[in-house]
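After this come two complexes, each holding chain A, first together with chain B and then together with chain C.
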Partner chain A sequence: MEDSLEALFWAILRRFESAAIRQYDRVAPELAEAAKRAYVARLQDCGATDAVLDASELAAPVRDLLATAANNDLVTTLIVQGLFLEHLGRAIYRVAGEQDSMSPESRALAADGIVASDAVVARCTELLARTIPNGEDLFHRFVDASRDLVERLDTLGEAVDHVFGERFHLHFRDIMGDFTADLLPACVELGMTRRKVVAHLTGALMGI
Partner chain B sequence: MRVASGEAVCITGASGYVGRLVAAALLAYEDVDLVIPVREKYSAADIATAVAKECETLGTPASPEMLRRLHVVALPPTSEMASLGPLLRQHRVRQIIHCAGSLSYFSASKLKEGNLDLTRALLDVAKANGVHRFLYMSTAFSAGFVAGQVREALHHDPPEDPTEYTRSKRQTEHMVADSGLDYVILRPSIVIGHSRSGLYSGRPYGLYQLWNAGERFMSDRYTPVLHAIAPRVPLQVVHQDAVQAAVLAAYREIPSGGVLHIVSREASLPTVREMWDLWFGAWARPQEMHYYDTLEEVPMQELDRQQRWLVEFAAANIEISTHPWHFAAHRLDALRRDGLAFTDASIETVANSQRVFMQNSPRIRRFLEAHADKIPAASATAPHSAGSE
Partner chain C sequence: MTAAGETSTIQTTEERESAGKLMGLVVFGEMVAARTYKLMADLRPEFATILRKFASMEGQHATWFRDTSQRNGIELDKDFADKELGYLIDQVDNYSAQKDFDALMIVQGFIVESLAIATYEPFLEIAPKYEGASAAFAQALADERYHVDWVTRYLRLRFFDNHDEFMSLTDRVNVQGIDCVGGTLMSIANGLKSVGLSAADCTGAMMDEYTSLLENVGVESRRATKAVVSLFVPLAQKYRRRPEAH
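== the complex of A and B ==
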């Protein structure tokens, strides 16, 4: 990957996707879908390296977000990784895939990232609905599991705006728009109240 | 109702905004020792500095003599709250003004721990150690979504609560009332900065949450057309100096069992729409503004994903404010008649708080610099409004 900023972009996604498959393997093997595993393998070979990420201002917020996501509990993993971060990843891929400033290779890789996530999200929704069928109960678990994550996400968003905003027109605001457009219906499908999910995300984003 | 000479008042939550305001007010205007329990992560020096700063905002700089009346002590874990007892006895604490609590909107575990469990533990240690009176800082919205006037009394469960937070505060009010201690319930609406200086030292709650979200998500580019939920209902805000004055009056004058709504007069308050006009007109300055009374009226399918998200998030931010609240204020009116100086919030005083917020926002400054060539100049008039009327 010749473009250094694109290489950084994919280094971030590579780290997120690698952490996801490790978390699935360890705590929720049913989400370790073959398509996701194959996609992670592709990212390993895409030319992005950890060194690029580690040298950037994004290293710390990425590390903090991933540390917050790591856990040993099945329900937390389903909520944090299978629901929240999968939808976030899809939003990032979608927004990046729409940017003409990205190379055709990157746009194609982003589109494949969404496809690789499809089966994981579907399986996760099924598992969550079976594990916690009551929407209100699930909402409370969602609040507790995602609160710190949203706060860390906001910090990462600041850095994303700074690093990718001008060149790729990749803004946190756009990613959040796309993310919530996907996540909210998914939460509602699981029995959560849309208004409450929105209020929770808003409050958590503002550190409340 | 003041404590006697040589006795003290304990104020919880002084590491937070409202507790700090209350501590500053008592330090500035009452000759009483204050016992301030805070979690171990806060140092006594930091607390003293923060309280002193609020004294300055009040216009009464803290002298060394005043600060010597401030006794910062360690707040034990809730399960070990009984260990606070010897300190309460040592300082002869007779009243507790309980401002600590969880402000989480929906985290049931945090709300139980921070509101119900903590208050129960404090009530127990108070009863066992000679405390006579307990003033509880609740919220004007503890009634939940109810029709008609919100009474100055304990509330039954409403058909719906805006958040788990309001439910938790209502439950805690009942716990205080049932404790057997003399009590007063204090219910401020949305607290904003000082009415004149606009200074504000709290976290981004209430109106500040909305402003924070606005600067966070709208300052990356100029948006010529904006949509917002903006009914013409009063925005229930109250200035911090008014809260301080009212709490002092409650401490001095309100008898046990009293509930005090600390709210601005409705006639004075700006409407939600006026607040939006003030905000958008000051910096975002869209060419076109579409206002709606409810989220259901917004033609979501006509908006792009980002606009939809902004509208929905802003609506969630101010949902509590778009309900037509009508608070009974008989006690506050009586205090005013007795001389309480209470500055009602108005569009002019809210503008002071907004001005300070904008001055302290690098994002807004950068936005105004970057888009100076394409945005309409700021004017006294509102942006062009369209949408539901």
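== the complex of A and C ==
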């Protein structure tokens, strides 16, 4: 990958996707879908390196967000990794894929990232519905599991704006807009109330 | 307008000051709404009768809320209200000068009404604490929903089968409108908490209410959510990073 900023972008996604597959292997093997594993392998060879990420201002917020996501509980993993972070990743791929400032290779890789996530999201929805069939109960678990995540995400978002905003027009507000538009129907499908989910995400972003 | 069993039970100075800010914003906000509907009536004679009726209803709300405040010893914080409403008045005056009726519809009929509904509805739960508040807020809430219903019908017909033009309009109006009205919601967040309301719930309700209104006009759900959330995110971030939060 010749462009250093694109290399940094993919180094971040590579780290997130690698952490996801490790978490699935360890706690929720049913989500370790072959397409996701193949995509992670592809990201290992895309030219992005850990060194690029570690040298950037994004290293600390990425590390903090991943540390918050790591856990040993199946339901928490389904909510945090399978629902929240998968939808977030899809939003990032979608927003990045719409930017003409990204290379055609990156836009194609982003489109494939969404496809690789399809089966994981579908399987996760199925597992969550079976494990916690009551939408209100699931909402409470969702709130508990995602509050810290949103706070960490906010910190990462600030750095994303700073690093990628001007060059790639990749802004946290757009990613959150796309992410919420994707997440809300998924939560409603699982029996949660749309307005409550919006209020939770807003409150977490506001820090209240 | 008093419901049985209501008495004023304001306990602390903080609650009284917060109530003064909130009720100040409500009373003067209703007066601004009345003025906006009158300006809209001036622009479109064919809708003047209904829009003047809306203006009269908003004026009536202001009177009810002023009375309620007086009966509960709440001193309206006019300076706070003026500061918060100034930006909205500028936007309304600008659209009025440009004879931009549809933009006024979005600002008043959707964005401002969404804020009113998102705060009046949860307020009904705590309204019995304030003498005369339950009936006033319940009727005002029903009236605001009536206004929104008419505005929705107008916009559905106006932009029937032309949702792209409608989204262009909302994109144009939202940037200032949500920054202004949503910003006001952030300004009263602490006050809402002081009187027993959740700022997160009110903000979430406003976002969801406004998104639903866009959907009701025919905008695809995903597009409506993206548009609203992407404008609220910077406001929420700004609130989180305000100096007094740390």
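The rule we apply is simple: the second predicted complex is superposed on the first by the 208 of 208 C-alpha atoms of A that agree within 3 Å, B and C clash if a C-alpha of one lies under 4 Å from a C-alpha of the other, contacts with A are read in each partner's own complex, and residues count from 1 in each chain.
One rule holds in what follows: contacts are C-beta pairs under 8 Å (C-beta built on N, C-alpha and C of every residue); 3 or more make two chains touch, one makes a residue touch a chain.
Since the structure is predicted, the reported quantities are computational estimates derived from the model, not experimental observations.
Following the overlay on chain A, a clash is recorded for the pair chain B and chain C.
In the superposition on chain A, A:176 makes contact with both chain B and chain C. In the superposition on chain A, A:185 makes contact with chain C only, while chain B stays out of contact range. When the two complexes are overlaid on their common chain A, residue A:147 makes contact with chain B while staying clear of chain C.
In the overlay built on the shared chain, the residue A:3 is in contact with neither chain B nor chain C. In the superposition on chain A, A:202 contacts both chain B and chain C.
In the superposition on chain A, contact of A:112 is made with neither chain B nor chain C. After overlaying the two complexes on the shared chain, residue contacts for A:165 are found with chain B alone; chain C is out of touch.
The contact surfaces that chain B and chain C form on chain A in the two complexes overlap at residues 154, 172-174, 176-178, 180-181, 195-196, 198-203, 205-208. Against chain C, in their complex, chain A makes its touches with residues 154, 157-158, 172-174, 176-178, 180-182, 184-185, 194-196, 198-208. Partner chain A is touched in their complex by these residues of chain C: 186, 189, 193, 198-201, 203-205, 207-208, 221-223, 225-234, 236-237, 239-240, 245.
Taken in their complex, chain B has these residues touching chain A: 103-109, 163, 203-205, 209, 212-213, 216-218, 220-221, 304-310, 312-313, 315-317, 319. For chain A in complex with chain B, the touching residues are 139-140, 143-144, 147, 154, 161, 165, 171-174, 176-178, 180-181, 195-196, 198-203, 205-208.
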